[in-house]
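As written, the chains take the letters A, B, C, D, E and F, and residue 1 is the first residue of each chain.
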Amino acid sequence: MFHHVKELQFNARVSKPDVRFAKLLLEQFGGPNGELKAAMQYFVQAFGCRKAHPDKYDMLMDIATEEFSHLEIVGATIQMLLTGVNGELKNAADESDLTKMLDGKAAKENYIHEAMINPHFFLVSGGTPTLTDSVGNPWSASYIMGMGDLTADLRLDIGAETSAKMVYENLMKFTDDVLVKESLRYLMTREVAHFQMFQAALDSIQPNFPPGILQTDPKYSNKYFNMSKGEDFKGDWNEGTSPELREEWQFIEDPLQHVIETNGMLNETASGTDRTEKSVQKDNRALSSERKSEIDAANSSEDGIMQWSNYSSKKDEQKPKKETAKSVS
Amino acid sequence: MFHHVKELQFNARVSKPDVRFAKLLLEQFGGPNGELKAAMQYFVQAFGCRKAHPDKYDMLMDIATEEFSHLEIVGATIQMLLTGVNGELKNAADESDLTKMLDGKAAKENYIHEAMINPHFFLVSGGTPTLTDSVGNPWSASYIMGMGDLTADLRLDIGAETSAKMVYENLMKFTDDVLVKESLRYLMTREVAHFQMFQAALDSIQPNFPPGILQTDPKYSNKYFNMSKGEDFKGDWNEGTSPELREEWQFIEDPLQHVIETNGMLNETASGTDRTEKSVQKDNRALSSERKSEIDAANSSEDGIMQWSNYSSKKDEQKPKKETAKSVS
Amino acid sequence: MFHHVKELQFNARVSKPDVRFAKLLLEQFGGPNGELKAAMQYFVQAFGCRKAHPDKYDMLMDIATEEFSHLEIVGATIQMLLTGVNGELKNAADESDLTKMLDGKAAKENYIHEAMINPHFFLVSGGTPTLTDSVGNPWSASYIMGMGDLTADLRLDIGAETSAKMVYENLMKFTDDVLVKESLRYLMTREVAHFQMFQAALDSIQPNFPPGILQTDPKYSNKYFNMSKGEDFKGDWNEGTSPELREEWQFIEDPLQHVIETNGMLNETASGTDRTEKSVQKDNRALSSERKSEIDAANSSEDGIMQWSNYSSKKDEQKPKKETAKSVS
Amino acid sequence: MFHHVKELQFNARVSKPDVRFAKLLLEQFGGPNGELKAAMQYFVQAFGCRKAHPDKYDMLMDIATEEFSHLEIVGATIQMLLTGVNGELKNAADESDLTKMLDGKAAKENYIHEAMINPHFFLVSGGTPTLTDSVGNPWSASYIMGMGDLTADLRLDIGAETSAKMVYENLMKFTDDVLVKESLRYLMTREVAHFQMFQAALDSIQPNFPPGILQTDPKYSNKYFNMSKGEDFKGDWNEGTSPELREEWQFIEDPLQHVIETNGMLNETASGTDRTEKSVQKDNRALSSERKSEIDAANSSEDGIMQWSNYSSKKDEQKPKKETAKSVS
Amino acid sequence: MFHHVKELQFNARVSKPDVRFAKLLLEQFGGPNGELKAAMQYFVQAFGCRKAHPDKYDMLMDIATEEFSHLEIVGATIQMLLTGVNGELKNAADESDLTKMLDGKAAKENYIHEAMINPHFFLVSGGTPTLTDSVGNPWSASYIMGMGDLTADLRLDIGAETSAKMVYENLMKFTDDVLVKESLRYLMTREVAHFQMFQAALDSIQPNFPPGILQTDPKYSNKYFNMSKGEDFKGDWNEGTSPELREEWQFIEDPLQHVIETNGMLNETASGTDRTEKSVQKDNRALSSERKSEIDAANSSEDGIMQWSNYSSKKDEQKPKKETAKSVS
Amino acid sequence: MFHHVKELQFNARVSKPDVRFAKLLLEQFGGPNGELKAAMQYFVQAFGCRKAHPDKYDMLMDIATEEFSHLEIVGATIQMLLTGVNGELKNAADESDLTKMLDGKAAKENYIHEAMINPHFFLVSGGTPTLTDSVGNPWSASYIMGMGDLTADLRLDIGAETSAKMVYENLMKFTDDVLVKESLRYLMTREVAHFQMFQAALDSIQPNFPPGILQTDPKYSNKYFNMSKGEDFKGDWNEGTSPELREEWQFIEDPLQHVIETNGMLNETASGTDRTEKSVQKDNRALSSERKSEIDAANSSEDGIMQWSNYSSKKDEQKPKKETAKSVS
């Protein structure tokens, strides 16, 4: 259940209206790397771990709720930047007077010019934020990602914070308003803070690589295919040891020839790795079993009826607990 | 600023998993008439009236926050209906065993059949809700409407509650789970409650017709064009008096002939109405002036700096006030 | 079956080309509140009431057809505003001459500047209207709403006319062309006329509240949850009597406490209302029975074959009829 | 200006309800190759040629209007196929009775199964057509194409008729209802008729290749790059003479080597063609001049005011004329 | 399997950065008529004819691969046009210095102005191309068409080349950079070359009209409905002989009357054609049989296992073959 | 420039047709986590680093090209799974015979049932893959992410590989075809291999945290806001040290009170960190300078003309180089 208090989490202020920056700032209100995307991504992911991973559920809901609060900060800033638009639209009858005045032409021209910057502010939303990105694409839930597995979801969340940080960094180049910059810097900082929270949570789950359950096929896990010829380079990504599985990279200089020779890789063999098909299957079974049992334990109920909240036990829940389940910590 | 408590606003419960109903219920999670649409529509509209109409801002944020809380109820219900999906996916290694068993074929077939109902539950979200409608279209901000004028916005909000109510009514036909129905009925009822709140707020603004500022042209405001021939009917919508402006409907039997005769309606004259061009212009000016002054008054600030929240005055704001501004009440 | 005559319903005229206003006007050609949305919404809704509610079908098709005719007016106006764009594009070979001329640089610069306003006019549509809104989002059928129930659909249609009226009102601020304004004012007026037709039609159906069939749960229908703290206000939407059901609003000062105390509202009781669970069930059954019988009567056919039109009876259908069916009028 | 008569252009009939085929038929109601796409594509293209090419405008509006009438046929058929859905939804109160009956379980199960086919029919549209394709994607104006040049637009229209024909052909495999097939075959036939109308109109414009104005560069117009190695084939598309420009195809056996040798084709030379840079420039200028003069002539007006329709001249326009303009016929 | 070499197929060059033209050029990078659309359309269509029509598969993959290479040329050109954007964004810390300088205001203003042209270049992509059209709509697979029948697909491909050619022609009006024009002209020419390849391939399939298998109903195939009254014209599309089926056009002067008289065309009769229902059915059966047998032959396999590539036979496949199958050549 | 060879990178095989699994597999053909998304994301990002980071450009193009090759494997597999669909559609004339046969009813029923699984396979694509996800949403470029900064882009690419791996893992649960599983496992493994390549590349850039240039504000970088009350937990994400900046987490137990007390955090102070505003500004300047100089160096050209490829130097480029630039390695 959500509550709202009318104070913003951060004291957002604006020195003067600026339709142009309002347009740019929409990128973080209704854009694919913005606050709504972050809020909804963590909120939706949280449902899946409420029962089996209540500590991660707590963290996801803490951050999701903060992101909703940031969405409000961004919207409030846009609203202040648009001050005057709505009042002028209300002046619906007096427009003819405007052009009668000596400088009416210029004022009107300027007004039309502002409308070109983002017609929606003037024609549709009446001077309030629109839930679009900075060029007008409506926010879409296709921005949201979540796979129902924390070893994947937390990585996707790190990605979300990464791109959100970048957009705030870029936005700062386009305003001189020190008050607006103050808010932008706060919001940018919080993205980096969240990044580290997700990283810490990911680190607390072991093993967490590869994401999910299944191990990779050792025949293909350390091959590097040189698919783009000309100006070829070597680096840690195609020579030496792979960073997670610690296998030796195998550089395939001529992929076409290799494919022909291996009958489309059906005859490929593993090299540069200690992992075997047998070890892989063993690991698969062990991890499947462990992770499934976590879920099953969380889903068990006595009478078969499922219930999301337990209202009577409320008082006991108020003190922070430390998760100690073996497989997660 | 938002807060979250882990208790749902309504004690949502589920008797047993049901992937099919989970799919249908998505309509109210990520569909165009669902809870997120309502929550975001009121939340976005609210920015525009924070300063000039703080009472309506309060109402919009109360209801928006409740809709977010309803979104959580719907998501929690879907999550409970999907119990078992995630656990089975975690069982990644043991799939081969399944088909080895005597009834493996049937179990597998059933599992695949369930996946066909909504592949996203099984392939992508891992048994958590997806922010789509019931056929899989991702939620889009194009569902959200708001014009920056309360006489329009509140009518659009009544429309939003109307369609949301209908979907809940329809959903109830597709489940036998009395616990799920209990939640659906609660949610359906709340849509109707909100409908009435918006209606009351709209009634408190006078005049509120037509929406916006500008009055209509009396030459065209009461014409009814009989554009579809065959099985023509008369009713209160084309004979007698129009319900708001109280003008006499003028039925244009043969629109083509009428258009030719009036030179494309440039030579049209008003009839069946007391309104005149002069009275219209007078009303336009009066309402423009009044509504603009409301906005201007709200936007004035002493030092030019705009600020959304006032943290020091917090204690004084906690008691409900009664709006008494002339033009609004 | 549709017909077309080449005369516009309104004699749309333009004083001079204006690419900028052409861009803004797209909002009503291919935007979410525009003429195509209105036309298609009423057209699609009409299918559902052809049999059971032929009078409403007649009205919906009259208005839908007028909206198609308005779409044509808007498109024609945009086309005239874009005069010159297509001719200049045809001048494909002579472009080099342009920059050779003394003022070629400025002319070219100006041309490029115009292209920035809406590249699609210059690169894609070749100076004809595009079926997008004013920022370039393609028209989407997700704008269309209809629930298969007139008590809901007519309210959604009132909403559609509301927002369309607002956009025309706003558009008038951005052109000085008196001929264009003349057309805009005509179109704006017609939206208000349609609003009243839909209102009259809705009033002719009794009962029409709540939309649909099912009555609300008296335990939850008059609660107001104070979900947003700080600067709280009282008004007709949270104190006194609700406008439709005439129940006493119950103000929940502290929703979280209330939810805990009522076990997630499962223990909620009705207050401030005369309605009871029993009366609700009775009303539900009565209205279900009445509305279903309307549909069933309309669907009955002698030989089982369904046919949309009856060509032989055409002559008799030409005189307007008055609907007299009890349950509808 | 559009009119509507309540008779369908074709006497659409249905033997019995069929929710499954209703879902499939949506493909031609709101799908990318369907009737709305065709209607809107020709309608939008028509604006651009109203003045300069009134004969093509007439044809486009004739066919666009017929496509709207076909959209109505498709919608009416879907509506009849959905007979019973709306009535059952109106039966909102009696649902509990259903499951009390002996066969209630099976009836309910069957009902839910039907809802899975297309939830929107049951939850949202209440048994009326939805403006989507057969899997539920809302119709989008991105389906519409038009470049403001008839030599391009008519080819795009031929493409539109091509794909529409295919979908009707495919649809016929999925219904046994001879009455429905009768309508499908009519609609399929009309697509082919329109195809030929567009072809005839395209043939009446000379030259019409390449589409648009600018001729191609003879250095690159007849090269065939063998970009996909293995199982290479020769055919009229890479040996012999090209079908329109009648140049000799030049087969580039090894594109990479060719690109290196020609310095990224900057040093390419023309071969297998009589066209030269000089002849190209001459043709460009001639065609630019001719096509631009057509547009300019159509746009000239005496007083500068542009007007779409001429109401006074209506009587003279009723007899079909034959276009005789030199450059077009 | 794809390979990449770092040399572009055409030596794309740019004289100086130009953010405005970069924005326009996006139309061919991520727009509906651009290179990705073409590449993906042919690539996807190719899957369907790999087995039954290997010569057309070869052609489609040759052209698809060339289009991917063109996409790279367009992207590289945009990247060069955006030179400087990324560097300036990296200058994140020094922004305050900029405004301290004497001309800082103007420089900053200019920078912001450029950002308004396309905010995504500055806020999101960091000065790299975005996969959108010129107004910012993300590329969508709904642009792609293919029906699984070459007589349809090749026509759709001709349409794709047609619109792509037009956009390049239009783009050339908006840059003075002769190096950029050089690339545009190359790309434009290649679209016309591909057009002719598809035309030649279509001509090599007989019969290829109508697209698909089923013949049209002779009762409806040559009717022209005069659905748009006023300024009616005659032309080869409604009088004389239809261009493909060589039937006499039947002009229906008054469609409404005609529909009434023929009982919704159920009583229509064929005229102006030699085709009969009997001849149609015979043709349908013959073509069905022939085309199905082509597919069946291609799908037959000895052991039931399907395999896409045959690695051992690679050497034999390298010499171009000539298709000689009866029904295709 | 791309090349294609007709052999797949992996020898994809299928045991028997399976329309259902073909539908599921679409998720990786045209879905948001699929092969086209990966291919296009890396391809688009690559443009931005061609000049300044040629080693990363090489890697991105190697992997992008491999992903295109994987897209082809997935498409080929879907095509084989759909074997029979196209042939049956070609059987357009014989459909009436089918139902005449004794078991015609069942065969037809089965065929219709298959069509319900994914109507597009049967009505639109004619038995070829469609560029959609498994429920039919067309692929959208909004899936693609890239910020023009490798410290961000490589993290987003790690995210892309993460989700792609998960979908393959999930897909394996829904087929028993060992040949199909073989391909799926290969593809899954490659995603993990790419993950590690991106990780290694990211590690080779120092510093790479936070992504981008700007350091965070030490006042806000280590605060944890307890925004969701009830069942609160402690973990490495809100107590102890943050994983990247190594600051002490500051747990804000009651965020509302904290916000009020700090005047909306304007009065916040740093704690638990050694970083200061001064050190932050210094780091910002240093990194800005370094990263900008990398870009500037790459963009310098002698004659001002920009060129993407250098054809003459081709031979020298063929041997892999080792990047040694200070700031990157």
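Definition applied: contacts are C-beta pairs under 8 Å (C-beta built on N, C-alpha and C of every residue); 3 or more make two chains touch, one makes a residue touch a chain.
Keep in mind it's a predicted model, so treat the numbers as computed, not measured.
Peer 1: Going by the contact rule set out at the top, which chains touch both chain B and chain E?
Peer 2: Both-contact set = A, C, D, F.
Peer 1: Shared touching chains for chain B and chain D?
Peer 2: C, F
Peer 1: Any idea whether A-E or A-B has more C-beta pairs in contact?
Peer 2: A-B
Peer 1: Between 0 and 180 degrees and rounded to the nearest 5, what angle rotates chain A's CA atoms onto those of chain C?
Peer 2: Result for this pair is 120 degrees.
Peer 1: Please state whether the interface between chain A and chain F is built from the same residues or different ones, using more than half shared residue numbers as the mark of same.
Peer 2: Both copies, chain A as well as chain F, present the same residues to each other, with over half of the numbers appearing on both sides.
Peer 1: Averaged over CA atoms, how far is the centre of chain B from the centre of chain F? Could you give it in whole Å?
Peer 2: Centre-to-centre distance between chain B and chain F: 34 Å.
Peer 1: Per the centroid of Cα atoms for each chain, what is the distance between chain C and chain D, given in Å?
Peer 2: Going by mean C-alpha positions, chain C sits 26 Å from chain D.
Peer 1: Of all residues in chain A, which are in touch with two or more distinct other chains?
Peer 2: Residues 1-9, 11-12, 33, 61-62, 64-65, 69, 89, 92, 124, 126, 132, 135-138, 140, 142, 147, 149, 166-167, 169, 172, 212-214, 227-231, 255-256, 259-260, 263-264, 309, 311, 314, 317.
Peer 1: Every pair of chains that touch: which are they?
Peer 2: Applying the touch rule to all chain pairs gives A-B, A-C, A-E, A-F, B-C, B-D, B-F, C-D, C-E, D-E, D-F, E-F.
Peer 1: Flag every residue of chain A that touches chain E in the complex, lowest number first.
Peer 2: Within the complex, chain A contacts chain E at residues 20-21, 23-24, 27, 31, 33, 117, 133-137, 166-167, 169-174, 176, 227-231, 255-256, 259-260, 263-264.
Peer 1: Taking the complex as given, what residues does chain D use to touch chain C?
Peer 2: 1-9, 11-16, 30, 36, 40, 43-45, 47-48, 50, 58, 61-62, 64-65, 68-69, 72, 75-80, 83-84, 86-87, 89-94, 124-132, 138-142, 144, 146-149, 179, 212-214, 281, 284-285, 287-289, 291-292, 294-296, 299, 304-309, 311, 314, 317
Peer 1: Please output the residues of chain C touching chain B within their complex, sorted ascending.
Peer 2: 5, 7-12, 32-33, 54-55, 57-59, 61-66, 69, 137, 140, 142-143, 145, 147, 149, 152, 155-156, 158-159, 162-163, 165-167, 169, 172, 182, 185-186, 188-190, 192-193, 195-201, 203-204, 210-214, 216-217, 219-238, 242-245, 255-256, 259-260, 263-266, 314, 317-323
Peer 1: If we count contacts the way the header does, which residues on chain F are in touch with chain D in the complex?
Peer 2: Listed in rising order, the residues are 1-7, 88-89, 92, 95, 99, 108, 111-112, 115-116, 118-120, 122-124, 126, 132, 135-138, 309, 311-312, 314.
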